[in-house]
Each structure stands twice: as structure tokens, then as C-alpha cells.
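What follows is one structure encoded as C-alpha cells, with my remarks underneath.
Labels for the chains are A, B, C and D, by order of writing; each one numbers its residues from 1.
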Amino acid sequence: MDKDNIKSYIIARAAKEMRDGDIVNLGIGMPTMVPNFLPKDVKVIIQAENGLMRVIPCTEETCEPIYKVDAGATPVSVAPGGSYFDSCTSFGMIRGGHIDVTVLGALEVDEKGNLSNWIIPGKKLPGMGGAMDLVVGAKKVIVTMEHTQKGEPKILKNCRLPLTAVNCVDLIITEMGVMEVTPKGLVLTEINPEYSVEEVQAATEAVLIVSPGLKPMS
Amino acid sequence: MDKDNIKSYIIARAAKEMRDGDIVNLGIGMPTMVPNFLPKDVKVIIQAENGLMRVIPCTEETCEPIYKVDAGATPVSVAPGGSYFDSCTSFGMIRGGHIDVTVLGALEVDEKGNLSNWIIPGKKLPGMGGAMDLVVGAKKVIVTMEHTQKGEPKILKNCRLPLTAVNCVDLIITEMGVMEVTPKGLVLTEINPEYSVEEVQAATEAVLIVSPGLKPMS
Amino acid sequence: MPKFITLAEAVEMIPDGASIMVSGFMGCGNPHKIIDALSKSGKGNFKLICNDGAQPGGPMGEDYYGVAKLIHNRQVKHMVATHVGLNPEVGKQMNEGAMRVDLIPQGSFAEMIRAGGAGLGGVLTPTGVGTIVEDYKDYVHSVQEIDGRKYLLMKPIRADFALISGHIVDTAGNIWYKGATRNFALPMATAADIVIVEADRVVEAGEIEPENVVTSGIFVDYIVDGGKVSG
Amino acid sequence: MPKFITLAEAVEMIPDGASIMVSGFMGCGNPHKIIDALSKSGKGNFKLICNDGAQPGGPMGEDYYGVAKLIHNRQVKHMVATHVGLNPEVGKQMNEGAMRVDLIPQGSFAEMIRAGGAGLGGVLTPTGVGTIVEDYKDYVHSVQEIDGRKYLLMKPIRADFALISGHIVDTAGNIWYKGATRNFALPMATAADIVIVEADRVVEAGEIEPENVVTSGIFVDYIVDGGKVSG
């Protein structure tokens, strides 16, 4: 699969985790594609942490980038029933457990569900933005990312980069498979049929527990 | 003076403490009369802690007691430029020092500026409502009350009733005089010409420091 | 999306002994129809979390206004409030030992509910320092000195139910409040397991301008259409 | 009542070295005219408290959008933000040692400013627990365990100035925000010694429905009428 196909494959699988009516916050980049892959009978409500509810793409008529952007600075609008609110209210929603699912990328994630996705010391300083609050507050935290970075594992025994939060990730979805974070460790529940379990393990530093019900990823 | 005249006398004096543009919260009862005694060139903005700014009396047309009451449950309205807000915002204003003056009654006040005005154990349990926040948060706290209760002093060396807050009162206005709370104690700055200093002191448990510039109360 | 329910369904949902937050200030902003129905339900032993006990008489001549109905019918065994002076029945039932009453400073009360809904560990307020509020072990975690000033660390408050009143509610649950009725509804809508709003009027999603939505519909579980309530 | 001032008067008011809160998110909600004037003033050494460094290019093709102008002109010696990834100049100036950058989680950042304006002693949040945020001594008072869960006690944030943007502002200073521009303006308007709002449009007091006022005019000290700005 090429880069674009990998992203679509990962996000299509992530979209299947959404339940009808879920209130969802989507991280910058790949996760914003989730709505494009939702089943017809599943509608989610998208929150943007800069203060929008029921975010939808804007049209030529509704785009007003001076007044309405999402957390990735993309011009957007809100659907009927949407609303705008301030940042304290927004993070009250997030920290208070009112967001059902957040989907976001990772630099590293480990078998305890620790996550690193906001800084590479000395190299990259984007800042944590709302990520630390989101992964602490959202009811379900889904990490979507490529399984490796230039061939090096990103799913580790212990994160080495500064953490975004401890023990916060529920589910990891990559182009190789789907892994649940459990008290016993990472359980591989689905696998991309293009790979063998051995190949997935070889690309993963953490030890994967293969689910007895391992299914093909779809 | 009869009861009503005493009240008017006290509140007329309290009204003179207001500066044009002050944001003011007025306690239930006597303090609500302050606006009636303001000089013509002084306009204050009245906040009600249940979430109204620029409170004004309502008219037959604007009274809607189902929707608009002040903190004493009196039907009111708001002037042009007024607004409604929730209780967290309201007490953010109050606690955060955005209210210039609060005027309220007292059961007891003492020479350290301690205040008791919310409970008489075993007898009366109205509750503190917003009073504890108001006297801690407002920039200036003015107590208006009759000097004694059935002949007994209400201005004490130490409050005996449960406190509303410690060291919070700035100014005490009674029908006998005006007393400033200072680090040295209560300074009598103005006196009702009907009384002698000795009479005021006799009605006061706390020791009054007579200001060298003692003036007639007016 | 919130579900539309009848008054009867709302009442049925609330079990004996439930903890219930009710919006309003001296009755202004109480969800009157839900409270009225609940007061006739025979249910009780409630923990009522409400700023006050409202008033024995309402502004339109009502007997027992708002939550005063629940108190008069002795359905409340425990009240958490800030001021109960305008409803003498509260003090009376307390003195009889029939009702526990906990009084909390109003600003702390509002903020503790907000903390309960916003995932905060508590509220650090200077209000109550040096008073008997310091001894309220159920509500005060500790007294802390920060940068030379004393604060009470007040605990978050949550409830099983929040019953609130909205003037205009859209089908997505968004609420617009009229006048001073919003008071405690904002934090309460965030801090209960189940939130029921009584709507004076229901409109289609989108009819409230998105900028003028005060409580986001995502906080609302059920809507009772007060304009066309059925038993 | 707030005073109406010109852009020049607004800029004149702000001294070198001032701490300045600026509303907005990636430029959306920045008070663009005030920032533009300030960026041309030659003043500097500012402590900028703003969610982000905005963006080098604006959505309408602007060179240096919003606060990015201040950064590009090297007027900021210390930045307190949550995310600076979209403006590479921030990281560059930091690596050169020309700018100090402190990064705080966004929810904590908003709430710390709110606490600064609401007289609260701090914010108890689970966000940042177990991360390097715990070591930010300037912002974290302590790590506390409450009822078995760990929280960071984050300190309140205040500033000398808050520069915010409002779409409709009435002569009493009440603000109505359009779209998503309100973001940090609400807490910032409460947490600075001097609050200056740039109005897209000014209306008479009373023209904003009292229920739809978002920021009360009592928080506002000065209004720059952006619709008829003069130098």
C-alpha cells in the first residue's frame, strides 16, 4: 500500500469504532478523515476543542475563515444544532468526560497505554495543544498511526519521548493490525491479512498478546 | 427617629460612598434602597448575584417574575446594556474582584472587621447565600445596620456568632455614626449630631478611636 | 441526540432516594412542570441539590412554588443549598430532625458543581476561610495556603439527575434561557448522570443561532416539551 | 462604562515589557487591527500569553497573521502558549535563545486564566499528571492526591493587558462574538488589569439582547471601534 492507501486503510478501520450519536474529537491530520469513512447509519457529532460543536466542512457560502476554523485551522462550519463556546467550556466538556471518543496520532505508544505525541526534545516543539486534556478526558482514546517510523517500531515497551499522558490509550490502529490496551498488555485482536503475526510482532517492540479470536482487519 | 427614618438616614449616608460607574451588589433589605439616595451625577451599575447586570426596577410592562427576579426574589428588569449570566460567571465576578462595592446588613461586626450575618445557631438558619463570597470578593464592603439590637451592642470586640468572613468589612454605617475599620481598630469618622461621642461609645462594645477630623454625619 | 419524553416518563425515571440537582433561584428557573409532577408522584427520600428551598408562595399566587412543593410534601430527606430563609418549612423540618440541611456559600456551590462536570479535582476558594464552613468535612477536602493566602479546597458535587428549565430548546438539545433563569442550570447540566430539561418551547435544530446557544445539547439526555406536556 | 479609544491610544497605553494576553486560536479571534498597530510600534520585550503563535500566512493571504506579526518582528521575549507548531518562527527564535517559550496544556491554560480572573487559588486538573508538565515550577504549585486520583494544582494566570476581539460590542462594553472567535476571550477579559476590545461593529447599549451578551461590559475598559479605526 502507498502512503495514502495506508492512511485510508487505518482510518476506515477507526471509523468502525464510532457508534451512532457519539461525540467525537478528531486530532489534526489523518483522524480528520474519519467522517468520510462512516457507515451510512452512523452519524457522529464532531467537537473541535477551539469551541465548535457539530463541525462540518464548509462550502463556498459558509466558509468564513476569519470567524470559523477548526482546531487544525481549517475553515469549517457547524451543522444545524451546532454551537460555539469558549475554551473553558470546551475543555470542561473534554476533561469532564462528555466526549465519547477521541482519535489522534502518536509518535510512540507503549504496552501500558502511555502515549507520546507532542514533542521531540531538541527537534520538534509543536506543543501539546489540547492533546493532554483529550487523552485524559475522553471516554475512549484511539491512536491511529503507521505501525513504524522509517522501519523503527513506534509501539514500545516503554515510551522514550516525553509523555502526553500515562495509561490513557484504549485502542491502537495501524496498517498492520488493531491492538487493545489491557491490564495484561497489548492484545492483537485484528490483523491485516497482508501480514503474518510474526511480521507484526517483528515491527513491534512491545510483546503482543495474540487474541484467541484474532480476526482479519477490515 | 422612627424605624423608617433610621433606615433612610443610614442608607442616604451609604449612598454617598458610591462613585459614578461603580459596580455594586446590594444585600437584601435596607441596602436595596441605595439607588433611591444617589446624587444626580452618580450612576451605579447594580449586579445581582443570581445573574443580572444593570438591575433596575421593573414596570408593569417589563415585570416577568417567572423569568426575572433579583437576589431577594423581587421582580426586576435590566437597563439597556444589561445582561444575564450564570451563577459561576456571577461569582467569578464577585470573587475575582470585579465588584467595586457591596452593601449589606449585619448581625454583628467587630473591631477587626469580622462579620456575622448569616446564622443564629438554634434560632435562625437562613444560610449564607452569596454573602460569604461577596464580602471576600468585593473591593469595598460596607455594613449598614442599626447601631444596636434591642439596646445591645452589635459592634463588638469579637463577633460571637458564627462568622461570615474574617477581616472583611471596610466601613460601618449606623444611625449613630460612620466607622472605618483600620489596622488599629474602629475609627469613628462621622457622628450623628443627635448623639455625643460618649453615647456612641456607650452603645458600642468595641473601643472607638475618635478621628481627629470627626465630622457631623450627613 | 436527546430523547423527547412525557412528564410521566420523566418522573418514572427518578427513583426513590435519588440525588437530584434542580436549577433555579428562589423558584426562578425551577423546571416547574417536572417538579409539580414529581411532587405528586409519592416518591421521596431525595437528596435535593438546589440553591434554595424556593418560596411557600409563588409570584403568580401559586401555593408552594417550585421545589417548595417537594419540601412541603416531605419528599426531601437531605438538602444541599446556600440559603433557605425564604422557605420556613426547611428550618422547621430540619429542627424536627426530618431533613438534613447542608449550607454552602453560593459561589462555592456553583463552582463545586461546575468542577463536578468539568473533571476538576476541586475548587480552591478564599470564601469560607476562618468560618465554620472549614469544618464541613463532607464538602471541604482541606485548608491550603497558597502564596501566602488561605483557601478552602472544596470538593466537586455531582448528582444522579439534573432537572433544569430552558425557555427555547432545539431538537438537538441546545438551550436558550430567558432572563435570569439560567443561574445554576449551566453547571448542573454538566454534572449529573442524567440531565432532563423542561422546555417552554421546542424548535427545530438550527433555529437557535449557534452563537446564542447557552447550554450545548450534548449535555442534555431528555427533553420534556413543556409547551405540550402530557401526563 | 468603557472608553472609546483609537488604535494609537491603545498602542500608547501598552509599555515595553508588558504582559499581554491575546485572544484567538491560530489567529481566529486575534484582535487583528490592534496587533497590527502594535507590531508597527517598535515596542517589545513583551510577555505574550496566547494559545499559539498563529500562522506565518493568513487565510486571506496575509503575511504574518495575527500575533505572528509580533513574533516575526521579534517583539516577544517570552511566550506562554499551548501549541506553536503552525508558526515555525517560534521554535526558531527559541532555539536561538531569543525567546522563552512555556507550553501548557490547553485546557489547563484556559482554566488557569479563568482562575486568575475569578479569584480562585488554582486549578486542580488530572491533565499533565505523569508528564514533564509536573516539573513546570512556574505554573504547577504541587501534585496532589485527592480521593485516590492525582491532580496537578496549576497556578492562576493574569496579565497587565488583555487584547480581545468582539464582533458586536455595545457602548456599555458588552460583547457578542461571531463563530469560533470567542475561544480564550472569555477568560482573558476577566484576568487582566486593563482589557481592550477591538470591535468589528459598535452598537448602542441595549441592541444586544441581554440574554445574548457573552462577555459582560463590566470586564471591558477600552473599546477600539474597528469599523472606523483611526491611527
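What we mean here is this: a residue touches a chain if its C-beta (ideal position, glycine included) is under 8 Å from a C-beta of that chain, and two chains touch if they have at least 3 such contacts.
Quick caveat, the model's predicted, so the values are computed rather than measured.
Two chain pairs, B-D and B-C, are weighed by contacting C-beta pairs, with B-C ahead. The most distant chain from chain A is B, comparing centres defined as mean Cα coordinates. Per-chain Cα centroids separate chain A from chain B by 55 Å.
Chain geometry summary: the mean Cα position of chain B and that of chain D are 36 Å apart. Our note on geometry: chain C versus chain D, Cα centroid distance of 33 Å, whole angstroms.
The mean-CA centres of chain B and chain C are about 29 angstrom from one another, to the nearest whole unit. Annotation for chain D: residues touching 2 or more other chains are 111, 114, 119-120, 125-126, 177-179, 211, 214. Listed for chain A are residues 84-85, 91, 94-95, 136-137, each touching two or more other chains. Chain contact topology: the protein chains form a pattern that is neither a line, a ring, a star nor a complete graph. Listed by chain label, the pairs that touch are A-C, A-D, B-C, B-D, C-D. Considering their complex, residues 111, 115, 119-126, 141, 144, 146, 149, 151, 153, 176-179, 211-212, 214 of chain C touch chain D.
Chain C contributes residues 1, 114, 117-120, 170-174, 190-191, 204-206, 208, 210-211, 213, 216-219 to its touches with chain A in the complex. Listed in rising order, the residues of chain D touching chain A in the complex are 25-28, 51-52, 55, 59-60, 81-86, 90-91, 94, 101, 103, 105-111, 114, 125-133, 167, 177-187, 214.
On the chain A side of its complex with chain D, the touching residues are 48-52, 64-69, 71, 73, 75, 84-88, 90-91, 94-95, 119, 124-133, 136-137, 162-166.
Chain B contributes residues 21, 23, 45, 47, 53-54, 78-85, 89, 91-98, 136-137 to its touches with chain D in the complex.
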